[in-house]
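These notes open a run of structures that come right after.
In what follows, chain A forms one complex with chain B and a second complex with chain C.
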Partner chain A sequence: MNVQKQHTSFKFRRSLARFFFNQAMLIVLLVFIIGMSLVAKDFLTVGNIFNIIRQITVHGIVACGMTIVVIGKGMDLSAASILALCAVVNVMLQPFGYLVAIVAAVAVGFIAGFINGYLIGKVKANFIIVTLGTSIFYKGVALIISGGRNLKSRPERIFHFIGDESLFGIPVLAYFLVVTMVFVGILLHKTISGRRLYAVGLNDRAARVAGINVSNVVMWSYIINGLIISLGSIVLTSRLPRIRVGTASTYLFDVITIVVLGGTALSGGVGGIYKTAIGLFIFAIINNGMALLSIPFEYQQLIKGVILILAVLYDEFNRRKRLMY
Partner chain B sequence: MKGKITHFIREQKLLFITLVLLIILTAADPRFFTIRSLYSILDHITINGIMAAGMTVLLISGSFDLSVGSVMSFTGIVTIMMQPHGMLLSILSGLIVGTCVGALNGLLVVKGRINAFIVTLGTMIIFKGLGLAVTGSHPVKGSIDAYQFIGQENILGIPAPVFYLIISYVIVWYILKYTKFGRNDYAIGGNPLSSRLAGINVNLYTFFYFVLCSFTAAVSGVILSSRVNTGSAVFGDNTPLIVIAAAVLGGTSLFGGKGKVIGTLQGVLILGLVERAMVIFNVSTNYQLLLRGLIILAVVVTDALTVSKEKVAFRAGET
Partner chain C sequence: MNNISKEFPGVKALEDVSLRLRKGEAFALVGENGAGKSTLIKILSGVYSNDTGEVIINGQMVNIKGPKNAIDLGINTIYQETSLVQDITVAENIFLGRQPQTRWGRINWKEMIESSEKILRNLSIPLSPLSIVAELSAAQQQLIEIAKAFSREAKIIIMDEPTASITEEDTENLFNLIRRIVKTGTSIIYISHRIQEIFVIADMVKVLRDGKTVKTMKISETNENEIVKYMVGRDIGNIFGDKSYQSKENIVLQVQNLTTSGMFENISFDLKEGEILGFSGLVGAGRSEIVRAIFGLDEIEIGEIYLYGKKITSRKPDDVIKMGVAFVSEDRRLESIIQGFSVKANITILLLKEVLSKLRLIKRKKENDLAARYVREFDIKTPSLEQLVMNLSGGNQQKVALAKCLSTKPKILILDEPTKGIDVGAKKEIHTLIKELANRGVSIILVSSELPEIIGMCHRVVVIHEGRLMKIFEKEEINEENLMYAAVGNM
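Right after this comes the complex of A and B.
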C-alpha cells in the first residue's frame, strides 16, 4: 500500500515535472502576462490587446515562414529584405489596381524564395552566406526601384480595410495572423511534406536514405517562406501609410528572436507553429510592456538582446532537465 | 599539362580576380596605378582586414561571430569616453572591454551550449544597444590629440594602419601555421568529436578562438575611433557581413576545418578594390549594395560547385 502510494506520487511528480519542462515557455508567458498586468494598469484592456495584435501581425506572419525554414535546419537572413522588396513592389504597383499590386508582391516573394531555395537546396551552398548575400541583394533592388524614397501607400480601399478596420469586433489583421498560423500548422503537422521537412531537419542523410528528395524539400521550404513573407508585406503596406526600405530592416532580428523564444531549435527538426505562437506573444508583451513603461529605445534593444540569450539558455537548461525525467 | 594549368587557375583564382580588377581600374583611371593609391586602399581595408583575420581563425574552428561590428563600435566608444583618464588607460580599457565580449560569447557557446549564431546575434544587439545607451545616441568626440596619431600618422611615408594590417596578418599566419593553438583550430573545425577523443580540450580552445576574434575587433575599434576621432554606436552595422564575406571569398569554409589567412587577405583586398572601383565608376550607393550582394552570391555558388566537384572526384577515386 505504502509502496504503491509512493509510486503514484512519484508518477505524479514525474508527469508534473514533464509538463513543467515541456511547457516552460507557456509558463514564462503566463508569468509575463500576470507581471505586466500588475505593473501596468492599462495592460489587460481590450484596446491594448488589440493594439498588441496590430503591432505584431507582420512579425507573426514572417515568423511563421521563418519557423518552416528553421525546422528544415536553415535560416533566412534575407527575410527583412524580402519583406521590404515585396512591400516596395506592392506600393509602387498600387496605381495599377490592388489586384496587380498583390499578385506582383506574391510573385516577387515567390521568386526571392526560389532564388534562396535553389542556391541552398540544389546548389548546396551554405544557407547563412547565401541569405546574407541575397539580403544585401534584395535590399539593393528594393532601394533602386524605390529610389530610397518614402512611398505613400493605400490609395485602395481594400488596404485600408485590411489595415485599420475590424470584422466582428476583432481587427482584420488578427484574421490574417490566425489564418497564416493555421495554414502553416496544418502544413507542418498534418501533411506528408511537413513530416518530410522534420525528417530533413533532424537528419538530412537519414532522410535521403529513406527516399526523401532532400534538396526539393529544402528548396520548397524557402519558397513557401518567400510566399508567406509576401503576405506579410501586404499586411505591412496596409498598416503603414508610408513605406521605406529601412522600415522593414528591423524585422529580421525580432523574427529570429520570436522563433527562438518559442523553443524552435536552430539545430533543426524541432519546433512547431504552437511554439512560435507562444514566442510571438512573449515578444509582443515584452515590446508592449517596454512601451507602456516608457523605456528608451536604446535600452529596449539591449533588453531584447538579453532576453534572447536568457531564453535560449533557459531552453537549453530545460532540455537537459527534460532528459533526466 | 592541361589539368595542371586549370588546377593552377582554380587555386589562384583570387589572384586572377585581383589582377583583372587592377587592370580594369588602371584602364579607367590611369592615376590609379600609383604606390600612393595602393597605400590608400590598404589603409582603407585595415579595419575590416584585421577583423577578418580573427574571424578566419574562428571560422576555421567551425564557429561564427556576428557581434564583431558591435564590439568594434563599442570599443571605440569606451576608448573615447575613457580619454579623460589618460590615453594609455583608455586604449587598454577599450581593448579589455572588447575582449571581454568575446569571453562572454565563448562562455555562452561553450558552457551554455547555445548555437554560436544566436549567442553572437544576442551580444550584437546587446552591445549595440549599450553603445547607444551610453552615448545617448550621439557620437562622442575624442579629447586627446595624440590619440589621432594611431590611425592617421604616416610612418616612413606609409600610413600607420598598413603596418597594423601587415603585423596582424603575420601574427595570425604564424599562429595558424606553427603553433599548437593553430593546428588544433583546424582539427576542431574538421571534426570536433574526434578532436576531443584525441585529447584536445575543445571547449577551452573554442573559448579562446572567440576571445581572439573579439580582440581583433577591439583592435579595429581602437584604430577606427582614432581615425575619425569619434566613437559612435552606428559604426559597424554591415561589418560582420563584409568580414565574413571576405573570409569566405578567401576560401575559408563556413563548415569549419578549412581556410587560410592569406586567402582572407586576398578576399579583403578584392572587396576593397571593388569598393574603390565603384567609387571610380561613380556607382550610386544603392547599386553598390546590389553588386556587393551579387559578389557574395557568386563566391558562394562557385565555392559550393567546386566543393561538390571535389566530392565527386573523391568518391570516384574511392570506388
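Right after this comes the complex of A and C.
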C-alpha cells in the first residue's frame, strides 16, 4: 500500500519533470512575456505586437530554411549573403516590373542553394567550409552588382502592400511568416521527403542502408533553404525603403540563435518548426524588450552573444538528456 | 549492491536486485535481452543512477556520481564497442589522461613506454606498447582495454559480452587473461549470452529475468540446461527444429567472379528459391563485405550479379531494394536501424508510400495502424509506438530491423549476424521466422559466426577464408569439422 503510493508519486514527479524538460522553452517564453509586460507597460499593446511581427518576419522566414538544413545535420553560414544577393537582384530589377524582380530573386535563391547543396551533398565537402566560402562569394557578387550603393527600393505599390499594410487587421507580413511556417511544417512532418531528412540527420549510414539517397536529400535541403531565403528577401525589400548589402549581414547570427534557442539539435535529426517558432518569439521579445528598455546598442550585442552561448549550452544539455533515456 | 531498482518511462528495468561480489571472484550475469543486465552494470559504472537501493564497496556505502567517479572508485567497465583512441599507441591509451610527466611538464615517454611494457608483460599480453591501436584486431584491442583498466588499479572490472565478436582462439587468450587478473584479487563481472563460456570462466552465476533476480548459484552446483531454463522461464526444446526443405532449382541470384582487391576475390555462387544459404568463416574473412557489395553498399571492382537472370547495373541500395532484395546489417547501432527514430518511424520508413493521403501527405492514423500491425506480428515488446528504438533491448531492436526490411515483401533476404548479442528466447523467434520465410519461398543468405546456427539452419553453406571462397558445402557435408577446416584454410 505504502510502496504503491510511493510509486505513483514517483511516477507523477517523473512525468512532471519530463513535461518541463520537453516544454522548457515554451515556459521560458511565457515567463518572458509576463516579465516584459510587467517591466514595460507598452509591451502588451496591439501597436507594439504588430511592431514585433514586422521586426521578426524576415528572421522567421530565414529561420525556417535554416531549420531544414540543421535537421539534415548541416548549417548554412551563407544564409545572410544569399539574402543580401537576392535582395540586391530584386531591388535592381524592380524597375522592370515586380514579377521580373520576384522571379529573378527566387531564381538566384535556387542557384545559390543548389551550389551549396551540390558541393555538400554530392561532392561531400564539409558544410562549414563550403558555406563559409560561398558566404564570401555571394556577398562579393552582391557588392559587385550593386556597386556597394544604397539602393532605392519599392517603386511599385505591391511592395508597399506587403511591407506596410494590413489585411483583416493583421499586418500582411504576418501572413507570409505563417504561410512559410505551415508550409515547412508540413514538409518536415507530413511528407516522405521530410521523414527522410530526419533519418539522414540522425544517422546517414542507416539512412543509406534503408535505401535513402542521402546526397539528394542533403542537396535538396540546401536548395529549399535557398528558395525560402529568396522569399525572405522579397519581404525584406518590401519593408525597407532602401537596401544595401550590409542590411542583411546581421541576419546570420540572429537566425542561428533562433533555431538553436528553439531546441532544434545541431547534431541533426531532432527539432522542427514548432520549436523554431518558440525560439523566434523568445528572440523577438528579447530584442523588442531591449529596445523598449533603451539598452545601448553595445550592450545589446553583448546580451545577444550571451543568449547564443546559453542556447548552445541548452542544445548540449538536451543532447545528453536524450542519450540518458 | 543491495535492492537496486530502476525505472524507465513505461518499463521497470530493475526491481530489488542485489549482487554480492567477493574479492577475486569472477561473477557471471546472464539473462535474456531486456532482463536488466545492462541496466545493472550501467548503474555500477555510473551511467545511470539508481532509483532505490545502495552500493557498498569494501564495507563503505558509495554514491556513484558518474562514469568518471566510478573509475575513481575502482569500477572499470569494458563495453562491446571499444573505448580506445584509435590513432595513437597502446602506451598512450593505457596512460590516457594520467601520462607520467617530466619535471618540465612534458610527457615522460620513456617512463610511459617502460611502464606499459611492464603491465603488458605482467599480464602476458604479447603486444608492443608502441603499436598503433587502429592496426590491432578487435580481440587485441580488448586485451589492451583490460590491461588499461587493470593498470588503473581497478577493484572491479565489468565486461559486457567480451566474446561477442571475437574468434575461439582469441576467446581462449581472453580467458587466460581473466584468470590471471582474478588471481591478483580483482573481481570480474562478466556478461555473456554464451552459456558454455560461463562454465569455463566464472565462479558464481546470477540469472536475471524481467528485471528481477531469478537465481544466484555457484557455478559448480549447476549446469547449462538449468541456467537456460531459469533464463527463459520455460523449456525451449530443440533449438533449431527440423530442416524441412523442398528442393527448388530456380536460381534467383547469381554472383560471378566478384572481386574487390584487399576485400574478396573471385567469388561465385548461386542462390536458389526458398533456400537458406549460409556464409561461414572467421570474423574478418570478408563475408560481410561480399553481402554488402551485393546490396550496393560497397564497391565492386570486377564481377557480375544477376537477379532472376537480369544483370544488376545499379550500385545504389534504393534500386536494389526495389528489385526485391532486403538487407539487415550486423551493426544495429549504426546501420540496420535508426536509433533516434521511434519504433513507428523505423518500421514504416520503406512503406511510407502506402500511408499517403490524396495530397501525398503522411496520414498519421494509417501510419500508426501499419506500424501497430508489424509490432503485433513480430511480437516487438515496446511501451508505445513512439518509443525511441534506442531504448529497446537488443532482441527487440533486431525485430524492428527485420520488420522494416520485410515490410517491402522481399524475395531475397540478406542477414548479417542476425542473432549477434541477442538472448536465447529472441534468437529462437528469429530462427523460426527465417525458416517460415524460406518455406514461403523467400531466398535467404545468412552470414553467421556461430557454427551451431549455420549448421542448424542452412541448406548449403559457403565458407570464406581470407576473401576467397573455399568451398560450398551441400546438406550432408555440413558439420562442424568440415566448416572449421575450411574456415581456417585447410581443405
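For this structure, a couple of remarks:
In this section, the second predicted complex is superposed on the first by the 305 of 325 C-alpha atoms of A that agree within 3 Å, B and C clash if a C-alpha of one lies under 4 Å from a C-alpha of the other, contacts with A are read in each partner's own complex, and residues count from 1 in each chain.
Here, a residue touches a chain if its C-beta (ideal position, glycine included) is under 8 Å from a C-beta of that chain, and two chains touch if they have at least 3 such contacts.
The structure presented is a predicted model; accordingly, all values stated were derived computationally and were not measured.
Look at A:I212: by the touch rule set out above, it reaches chain C but stays clear of chain B. Within the superposed three-chain model, A:K139 lies in touch with chain B and out of touch with chain C [touch as defined at top]. By the touch criterion stated above, A:N203 is placed in contact with chain C alone, chain B being left untouched. Of the two partner chains, neither chain B nor chain C is touched by A:D42.
When the shared chain is aligned, no partner comes close enough to touch A:E165: not chain B, not chain C.
Counting the residues of chain A touched by each of chain B and chain C gives the higher count for B. Within the superposed three-chain model, A:L313 lies in touch with chain B and out of touch with chain C [touch as defined at top].
Within the superposed three-chain model, A:I186 lies in touch with chain C and out of touch with chain B [touch as defined at top]. The touching residues of chain B, when paired with chain A in their complex, are 64, 108, 112-115, 117-119, 121-130, 132-133, 136-137, 241, 244-245, 248, 254-255, 285-294, 296-297, 300-301, 303-305, 307-308.
Partner chain C is touched in their complex by these residues of chain A: 10, 14, 18, 186, 189-192, 195, 198-199, 202-203, 205-213, 269-270, 322, 324-325.
Only residues 75, 119, 123-126, 128-130, 132-141, 143-144, 148, 253, 256, 260, 266-267, 296-306, 308-309, 312-313, 316 of chain A touch chain B when the two sit together in their complex. Residues of chain C that touch chain A in their complex: 7-9, 48, 51, 295, 297, 316-318, 320-322, 327, 329, 334-341, 345, 349-350, 352-353, 356, 360-362, 388, 390-391, 404.
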